[in-house]
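So, here's a batch of structures to check.
Next come two complexes built around chain A: one with chain B, the other with chain C.
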Partner chain A sequence: MTMLESLLVVLPELILTLGATDLLLVAAFSNKPDLGRRVSIYAVLMLIACGLALLGPAGNGGAVFGGLYYADAFSTFSKVLIYASAAIAILMAPRFFDRRGEMRPEYPILILLSALGMGFMVSSGDLMMLYIGLEMQSLAAYVLASFMRQDTRSAEAGLKYFVLGALASGILLYGVSLIYGFTGTTSYQGIGAAMASGLSMGELFGLVFVLAGLAFKISAVPFHMWTPDVYEGAPTPVTAFFATAPKIAAVALAIRVMFDALAPATDAWQQIVIFVALASIALGAVAAIGQSNVKRLLAYSSINNIGFALIGIAAGTQAGVAATLSYMAIYVVMTLGSFLCVLQMRDAQGRPVEDIASLAGLSKSQPALAAAFAIFMFSLAGIPPLLGFWGKFLVFDAAVAAGLFPLAVIGIALSVIGAYYYLRIIKTIYFDDAAAPYAPANSVVENGLIAVTAATVSPLGYLLVPFLALTAGNAAQALF
Partner chain B sequence: MGARNRREPCRRCALPLSRSRFLQGSQDNVIQAFAFYLFATIVIASGALTIVSRNPVHSVLWLILAFFNAAGLMLLIGAEFIAMLLVIVYVGAVAVLFLFVVMMLDIDFAELRAGFTRYLPFGLLIAVVLLCEMIFAVGVWNFADIGPDTRMGTIDPDMPNIEAIGRALYDRYLLVFEGAGIVLLVAMVGAIVLTHRERGGVRPQNISKQIKRRPEDATRNTQPEVGKGVEL
Partner chain C sequence: MPETIAVDLAEYLPILLFLGIALLLSTAFVILPMIVARFTGASKPYANKLTEYECGFPAFEDSRGQFDVRFYLVAILFIIFDLEVAFLFPWAVTVFDMGWVAWGAMMVFLAELAIGLAYAWKVGALEWE
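Entry: the complex of A and B
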């Protein structure tokens, strides 16, 4: 394969690299007013261009650069989700930051660079590529978490995320070095071939450390401690970004590592994933009950959801991977919708409010927003006519098909416990005595996005299910 | 590596990697072994002194000595380029930078050491765990049946050092290399985003404005009458 052909396969990454560096120059030298919004628009256009590039060789070009980078249906599926959530995270930001005059052009640029790293993660075919992608994504995320640097909570979130993230990177790297040391190669294929002849103790150690590092990135129990604090402290658009794009990337990366490199060691990692999945569901369901801050609650909700997504991986089958991918797609829509609703929670002066109690009486003052909120909460709880149910159904179906009955039964029981706190929000919105009303939700972009996501999650979304099943199935097939 | 090398230490300098072109023959092997032990001893000794010396400036100086001798070790196994890099980058830049930072920062080391006894049990616990892990790792290393030939780095022995590194960096691992560059860019952008402040009241130099300025904008001729000043 010639260099040009290889470059065409990494076209989305090229667009993001050149785009982000160009926008950096624009941000540094331009003195036009409202620079942040202008750069945001260009950044969204670039993400759309990346999505379109996936239609070409970048979507199915196979392995390039000596197997460092894979462009297959799996990477394409994940990248579409990543780029879409990154674009929405950019679109929902300007009004939030404008109030404090903090809409700086670096926000969209850092999101672009983070998306670039995530592209590397889901396309990686080598442990070194994995690490570079992960580090690029994480570094941008640390900065984004403390983007409102005058705000002590934001600064604290950034610092906490950075320290714990660096620790997780260290753990991951230790695992990578062990695997490299004992198999003699860093490429997924080579590791798979070396492990096929039996798993040595050193390889097992490496596997455990790598999984621990990845579990941190997807905030699965027992590596979830950072999540509530960081989600609460980070600016709301950034939190929405954290809850979506990096999670897809890390879950996709975990799937690739487990089914590409560690496939011969399925028995070894299956037990770990089952434990992590159940622990995440349980903790996410129980710990969220006492929360009064809506962002903290959504943080526990994301821990809980990751647990469900991991059930599909634990099944260890192609159907399980397809179910996990579908679950992540549905989860992203629900989560983005919820955070868009949270963004509309502003008091009369326009200050953001995060208290759940302040939602009381929303059904009277803003019925449309209340209905959207209710749809997202019902869907996150997995109540049948909404799309969230379908995702849970798929992962449990895959787990049962793989013979993991206890896992499915415990998971379903815990999901009932988890439904409680979602329903409590709905109860606050519809039945509690009215609190002070919010400022009117008048941003066209944000209202439009809420309408689109709510429509997708509503029973109308079932029209998308055949398409979703087909693409997720193709994506999963690319790994087997 | 541990076990194998400890068993036959003199093979250290006769490993396949060793391609030193100016030391050949049996007598030179003795010189090579002597040089190896000299460098290795100094590296370990100065490494230990880096940790134990009380004055941070002395620590940095010992560190520089350790780097220098590590470069010597690299030279012995035939990695000339890495040896030069160690001297230029680590000794020349990084360590000197350390020295400046240590001398400029006003660190109260007495205060830093204050918590030492309090955290000692915890630190010891972690040290023991790490030690067990290391013993464990070295122990299982022998069971894993992999020779040096299955590892990476099986390259043409006649290829010069720089070329071999260049091939790995700019050919095989081009994408990772460029990615690492972007990671550094992200770090730089992040540092600027978090610390840069627009400061009012400063008068920065505006070069284009300076260049555009013509004599007729800047000066004017007046002819004041005798006994009257110039109106400014």
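Entry: the complex of A and C
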């Protein structure tokens, strides 16, 4: 394969690299007014261009650069979700930051750089590539978390995320070094071949450390402790971004590592994934009950949801991977919708409010927003006929098909407990005595996005299910 | 039948390891400082002892106090160019064996660093005032 052909396969990454560096110079040298919005528009156009590039060789080019980078249906599926959530995270930001005069052009640029790292993560075919992608994504994310640098909570979130993220990277890297030491290679294929003859003690330790590092990145129990603080402190659009794109990238990365590199050690990682999945679902469900801050609650909700997604991986089958991918796609739509609704929570002066109690009476002052909020909460709780139910059904179906009955039964029981706090929000919105009304939700872009996500999550979304099943199935097949 | 009842406990080693490491890491960060504090001297605190020493900053005071971050900025920029040189040395030894692709890759890397420097320069990160 010539150099040019290889470069065509990494076209989305090239667009993002050139685009982000280009916009960085624009951000520094341009004197135009309202630069933040202009750069945002260019950034969204670039993400769309990356999505279109996936139609070409970048979507199915196979392995390039000596197996460092894979472009297959799996990476394409993940990248579409990543680029879409990154674009929405950019679109929902300007009004939030404008109020404090902090809509700096660096925000969309950092999102682009983070998306670039995620593209490398989901396409990685080598532990080195995995680490570079992960760090690119994380470093941009640390800065994003503390983007409102005048705000102490935001600065604290950034610092906390950075210190704990560095620790997790260290753990992951230690595992990578062990695996390299005991198998003599960093390529996924090579590791798979080396482990086929049996798992040595050193490889097992490496596997455990790699999984611990990845568990941190997807904020799965017992490595979730950073999530509520960072989600609460980070600016809301950044929180929405953290809850979607990096989660998809890290879950996709974990799937690729487990089913590509560690396939011979399925028995070993399966029990870890089962434990992590159940612990995440349980903690996410129980710890969220006492929360009064809506962003903190959504943080626990994301821990809970990651647990469900991991059930599909725990099944260890092709159907399980397809179920996890479908689950993540649905989860992303629900989460973006929820955060778009949270963005509309502003008091009469336009200051953001995060208190759940302030939602009371929303059904009277803004019935449309209240209905959208209710749809997202019902869907996150997995109540049919909303689309959130379908995701949960798929992962439990895969777990049962793989013979993991206890896992499915405990998971379903815990999801009932988890439904409690979602329903509590709906109860506050519809049945509590009215609190001070919010400022009217008048952003066309944000209202439009809420309408689209709510329609997707509503029973209308089942029209998309055949398409989702086909693409997720193809994506999963690429790994087997 | 005894064969089916007997469980090979070794099968559960991975999960045991994982739990052990999870427990170790999370307790270590809580307990280590306490142990270190216990061993590093008798606990007889008085006002002067409790103040921060060397380059530490007072932990509990008005957060609007003067705090010069410029040293950090310069240090970070220094690290970038420090690493650049660290990459350049092994590259320089082998570039003639690896051909134009290697040359191009390093030039792209240098160009990206230059863009980063131009950005930092323009936004005023290098100015000491």
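Just so we're on the same page, the second predicted complex is superposed on the first by the 480 of 480 C-alpha atoms of A that agree within 3 Å, B and C clash if a C-alpha of one lies under 4 Å from a C-alpha of the other, contacts with A are read in each partner's own complex, and residues count from 1 in each chain.
We take it that contacts are C-beta pairs under 8 Å (C-beta built on N, C-alpha and C of every residue); 3 or more make two chains touch, one makes a residue touch a chain.
This is a predicted model, so every value here is computed, not measured.
When both complexes are superposed on chain A, chain B and chain C occupy overlapping space and clash. Look at A:L25: by the touch rule set out above, it reaches chain C but stays clear of chain B. In the superposition on chain A, contact of A:L207 is made with chain C only, not with chain B. When the two complexes are overlaid on their common chain A, residue A:F182 makes contact with chain B while staying clear of chain C. In the superposed model, A:L110 makes contact with chain B only, not with chain C. By the touch criterion defined above, A:W269 lies against chain C but remains apart from chain B after alignment on the C-alpha atoms of chain A. Once the two complexes are laid over each other on the shared chain, residue contacts for A:F223 go to chain C alone; chain B is not touched.
When the two complexes are overlaid on their common chain A, residue A:T152 makes contact with chain C while staying clear of chain B.
When the shared chain is aligned, no partner comes close enough to touch A:Y438: not chain B, not chain C.
Put simply, more of the residues of chain A are touched by B, taking chain B and chain C as the two choices. When both complexes are overlaid on chain A, the residue A:F259 reaches neither chain B nor chain C. Touching of chain A by both chain B and chain C, each in its own complex, is seen for residues 17, 21, 24, 205.
Interface of chain B with chain A (complex): residues 136-137, 140-141, 143-144, 146, 150-152, 172-176, 179-180, 182-183, 185-187, 189-190, 192-194.
The touching residues of chain C, when paired with chain A in their complex, are 11-15, 17-19, 21-22, 25-26, 63, 101, 112, 115-116, 118-119, 122-123.
The residues of chain A lying in touch with chain C in their complex are 3, 17, 21, 24-25, 27-29, 152, 171, 204-205, 207-209, 211-212, 222-223, 225, 267-269, 271-272, 275.
Listing the residues of chain A that touch chain B in their complex gives 10, 17, 21, 24, 65-66, 68-69, 104, 106, 109-110, 113, 116-117, 120, 126, 128-129, 132-133, 135-136, 139-140, 142-143, 146-147, 149, 158, 178, 181-186, 200-203, 205.
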